[in-house]
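If you scroll down you'll find the structure; I have some questions about it.
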Amino acid sequence: MSQPGRNILVVRDVCKSFPGVKALDRVSIQVPSGVVYGIVGENGAGKSTLMKILSGVYEKDSGTIEFDGKVIERTTPIQALRRGLSIIYQEFNLVNTMSVGENIYLGRFREMGGMRGVHKKARALLDSIGSRISTYAKVGDLSASEMQIVEITKALSFDSRLIIMDEPSSSLTSEELKRLGKIINQLRDKGISTIYISHKLDEIFEYCDIVTVMRDGCVIDSRPVSEMSRSEMIEKMVGRTIDNEYPPRMHCVGGPLLEIKNLTTRKLHDVSFTLNRGEILGFVGLVGAGRTEIVRAIYGADKVRSHTLHLQGKQTRVRNPKEAMVAGMGLLPEDRKREGLILPFSVEANITMASLDRLTRHGIIDRSKEKEIGERQIKNLNIKTPSAQTRTHSLSGGNQQKCIVGRWLELDPQILILDEPTRGIDVGAKYEIYTLMNRIVEAGGSIIMISSELPEVLNMSNRVLTICEGRVTGEFNPETASAAEIMSRAIG
Amino acid sequence: MRNENKLLRFINQNLVLLGIIVLVTVTAVIQPKFLMTRNLTNILRQMTSLAFVALGMTFVIIGGFIDLSVVGMVSLVSVITASLINPIGQVGALLCGLLAGALLGYLNGTILTKFGATIQAEVLFITYGMSSVFIAVGLLVTNAETLRIARSTRPYDMFTAIGSGSFLGIPISILIFAVILAIMYFFQTRTLAGRSISLMGGNKTAAYLCGFNINRTMQMVYTINGLMSAFGSIVLMSRVTTATATLGTGYEANAILCVVVGGTTLAGGKGNVLRTLLGVFLITLLSNCMNLLGLSTYMQTVMNGAVLVTAIWLDNRKRL
Amino acid sequence: AEKKEVKIAFITQSLENASQAFAWSQFQEYAPQYGFTPYLFEEGYDPQKGVAAIGTCIAEGFAAISINPTDPSAMIPSFMEAQKAGVIVGMYSSEVPEEFKQYRDFMCGTNDIICGEVAAQTLMEAFPEGVKVVEVGGQSGHDAQIKRHNGFFDTIDPAKVTVLDSKNCPRWSSDDAMNIMNDFITLYGDEIQAVYCHWDIGATGCIEALKAANLLEGVYVIGVDGCMIGYDQVIEGTQQLCIGQNFTRMTTDTLDTIQKILNKEPYDEVTFTALDVVTPANVSTFPYPKW
Amino acid sequence: MSMTSVLNKVWKSLSRQKAVLAILALVTLMLFFDTNFFTPYNWLDMLRSTSIIEIIGFGVTVVVICGACDLSVGGTMSIGGILAIMLVNANYPFWLAFLAGILSGALVGLVNGFLVVHQKTEPFIITLGMGMLLKGVAQQLTNASPLSSRNMEFMKISNQQFFGIPSLVVYMAVLLVAFFCLLRFTGYGRNCYAIGGNYEVAKNSGINVIRTKWIAFVISGSTAALAGVLLASRMNTGSSIYGDTTGMLVNCGIVIGGTSFAGGIGGIYESFIGLFVIQLISNSMGMLGIGGYSQQLIRGIIIVLIIGMDCYARKRKREAV
């Protein structure tokens, strides 16, 4: 059904500037009908910005956009939708308090003939992609992948000819990812094009037909995926040759540092494990397996039913994050915007907020030291920001993440817990974070690392624990165990 | 061109100041008596009590909360202080009054943290209920009678000095306020405790995960607010020399308005105690100017509301 | 058989007002002597609550209501209903407009208009050659404030009394009174010869303002209420006139009238309670108030 | 087994709505006292007494569902009533009085909407200021003294009975059903929920968020003014002091009922219950002879407890181990 040769979307010389940043610089792409079009690029390369211009959230400064043969001057999200261009954002775009059906037909209640029509049509659409989600279920009660399906269904309900997915996989498990892949293939068969943005290059190679690499607001290259190798792609993304996606594994594991026994909460059942000195311990599991819950419990952020915690052989009580910090722990939380950063505050304030105690004498903060720390971490981590006083909400995701990493580096904790440290972060920045992790263990610290990217865990950790439904189901040496072996334990 | 822009930006950033200047100029031209020293000191005296309450409220709002119980605290503290002069003397009464304010604030903070109220709306209505409770307790204690400090058999010269005395021509109450303001400014900008308030206002979860004790910070904020209300209450009481269980009615709304007009956003995190002072000044000045210009009381209420709505609106436009 | 309880209601504007609180204490003290059980309802300055209270009284089968409403005319529809249900309606220290008098059974106390009149007359007697006065009114929109203002203005002789300025307070609070007085002082300075304040505690604020401006000497301060503070100020000589209302009398008159109506005896529809005109000269002849 | 599960379900839904619990508790309490609390007259009277704030509450609920609040309704209400009385006294027909009243409210809503929705100001503070302004206007209009109607027919509108049911209760019931349907079954109502639930999403889904939310303010202003006209008829008077405590009271009642200020959660039924609780407290305490300060104390404590328990339940849920 696809019409080769015909472009559904043509973007020519689009520019966009934000105060102090040239986010897009003469960007041109052409998306044919019925293809999956991948876009990759470092954090802050301008991928999301381009998509937001296409969907009408931002206005372009200059350039032309042609959709389905028609030149589009200005557009709003809803006009774009009705024209047949829908976008699934990095963050979900659903009303949690309303039902699935109403979310799919949000704003078109009357056109669909009231409550009954909405649910009937939603049911039919969901059935057509083989989903069994109830249309009456509240979206807030759904899992991440189910929400994604609702988003896709919503896009389909508009008869979209182009669906943009901005990092759709960042919160999906591999199982759910497979389902998503199937749906994308279905879309392709229907002649619907997909723009697929991801930092996970495996997915790009698996799903995409054509790929565009962006860097610093420019398109570096656009080619069929088959014509580009992985290393070539990475090289183009970061603008330099990377021999390896991962730095060499460290081997400086010492004696036991932290012992957890019988950790039990509503979701966790009798979790016990040991973290050694100088070790990177990886947690592998599906979303909702309880990895975050384990580390939050250790860190004292959540209440627990029972557990004992031995730190350097001594039983220690950690009832809140403060005590955890005193005991030498640090936590990089899963959701950087909601739990990590204070978005309206400056980069500096965000970096120093965990180490304020040390800068304080008689209750008074030493401002010059604070500045010094801010500058140091910005330089140390290579955070791209106009100044230390810039508010963090204008930073790109990766740079935001670096601010939080910087916060903990400054504190130099014995045990650093990283919950999805590289989620939504580009390859270059990832590499930097990996190097940082190695530096920490080299200096005698230990790391617990949670990640949904299996290769990352396998390449970085000294030991891997698999978690399934709140239980520790296995322990592996990543250097000897195969990925398949580990995954099978993680699935349960 | 450049300079013009700069000027515009300055004006934009200091609308309240501009409003004050315009108001002062217009009033002074139409009614030269406005500039009499006595009038100016009157304005200062008049604003101090509200300024104290607004100062406390600034911290609450920076912390991301709100407090409607200040009127209850102001009245209850005045009742407690006035009725303690006879039995324990004026110094004791003063200290007890301040302590009582801090305790009432602490009570608020404790109730809120125990219930786990984190959304501003929840806090709003719980403190609204608390206000009712405080006022009712004050009424039960006094049986709605007005206590007059002049009726005490012990000396009460310290209270009259706070209310009407001057030092080098400056009202004593404003001197006390200046000292407290300086302390509070330092507290807000330079101390860890002050910073923890704005961090909490910015993002509670993030602050919590960085080792800040949110419940304690919240209690601290409300305790400060209670203490400031107590200061406001004592200043007000010594000025009018009476204490009732309804003293300070309307202070809750006025204090919030002063804080917001001063540029502290209700979203929390951002704010400045010095700017609040400008807000208080504008509001106090407004009623004085209206009275001097001979506007009817009703017209004043209209103008008050209109100025507030406009001030907030303009301030908001600037932020857009 | 046990005798049925006779419930009477005292509906007041707000107990935050000390005079009302005292009046209620008088009901509590004297009602049992008549065999009545007094119940209290408070409007909180919101007439809707008064209406709701009357509804409750009807539902609960009260024998009588004595009401001092925030806004008498707003009560008329519910008075009609109460009368229909056989509940005696009495006004307390307040009166309904002329055309609605049929909807209440009796009135005890004074009318605030008379307070204003007495203030005006006494002032004119004290300054036969004429006087310049400022008025500091009570809570604007409030029944007592309106009547005390109207009574005063309708009585004064414009040839003799010059009203320099007149402003109401947003609330019955002495700091509002003080602020207004301060602004009057700024505007008129020593021109002010007299101050008519609608309530004694407000007068405290005016006196403090005058004191601070060193103008108190020779200014004739008038207050209404007759509470302890008013008396104190008269005794001190800072307030020259205090117009007092005798709430004990008002209460006993109310109870008397209710009893008469219940016993189907003849009764006076209106029982006036004389106002106490307290001046420094005669203050010792009045009993010191209990509130 | 099924019995316990039914009970469990009932308990769960009850504990989700503390206001219903409070009503049950108060009603149970009243069983132990010999009063006329359980007479039909009393219940009708309570409904009538609460009807004005209920009607205002229905309109405000729409705004709250959209994720804002409206504290200016007190002033709107008194202005609506004053205008109606003025027109009635000038011998204009009643429908005109109603129309003028409601239009004045709509105008206020329009301005509120402009400031809050279009200009994106903080609704809490801006409507608080607006309420202040309106009170001043009301005072200006009436010279701060109550304005009585001289037309007994006008008074009848709110003071008559339909088949033994007070007319105000009937009006309230009609509006209750109308608003319930508006929020539940119409596209407009669903859009309000979407806006309150997630503003950005609603906007991106093509809902005209500005218009919808703006209309919510107009609805809220109009119902407040309508309530003001009905109140004027009930009281036979229009006055600037009527709305002093209304704004806070109505919004508080709505929250007590369980409609969230965060938007998107709650509804008309919840608001109805929440506002009714407030009336029930004062009625039952009045009957028990608890008056004055103690009543104020108890009311304060009950408000703190109901809202506090709601918070506590949410906190427990968040922290459940």
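Going in written order, the chains are labelled A, B, C and D, and every chain counts its residues from 1.
Criterion: a contact is a pair of C-beta atoms (placed from the backbone, for glycine too) under 8 Å apart; a residue touches a chain by one contact, two chains touch by 3 or more.
What you see is a predicted model, and the numbers here were worked out from it, not measured in a lab.
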| item | value |
| --- | --- |
| A-B compared against C-D, more contacting pairs | C-D |
| Computed distance of Cα centres, subunit C from subunit A, in Å | 71 |
| Centroid distance [mean C-alpha coordinates] between subunit D and subunit A, Å | 44 |
| Approximate Å spacing (C-alpha centroids) for the pair subunit C, subunit D | 33 |
| Residues of subunit D engaged with two or more neighbouring chains | 139, 144, 292-293, 296 |
| Per-residue multi-chain contacts in subunit B, two or more chains | 135, 139, 144, 296-298, 301 |
| Chain-level touch network, classified as line, ring, star, complete or other | other |
| Contact footprint of subunit B on subunit D as seen in their complex | 69, 115, 119-122, 124-126, 128-137, 139-140, 143-144, 248, 251-252, 255-256, 260-262, 292-294, 296-297, 299-304, 307-312, 314-316, 318 |
| Complex contact set, residues of subunit B against subunit C | 31, 33-34, 36, 38-39, 42, 46, 49, 135, 139, 143-146, 148, 150-151, 163-164, 236, 239-242, 244-247, 249-250, 287-288, 291-292, 294, 296-298, 301 |
| Subunit A - residues contacting subunit D, complex | 55, 57, 77-78, 81-82, 93-98, 102, 106-110, 114-115, 265-266, 302-305 |
| Complex contacts: residues of subunit C adjacent to subunit D | 15, 21, 24, 37, 39-42, 44-49, 51-53, 55-56, 58-61, 70-71, 73-77, 80-81, 97, 99, 140-143, 146, 168 |
| Residue ranges of subunit A in contact with subunit B within the complex | 299, 301, 320-322, 324-325, 331, 333, 338-345, 349, 353-354, 356-357, 360, 363-365, 367, 407 |
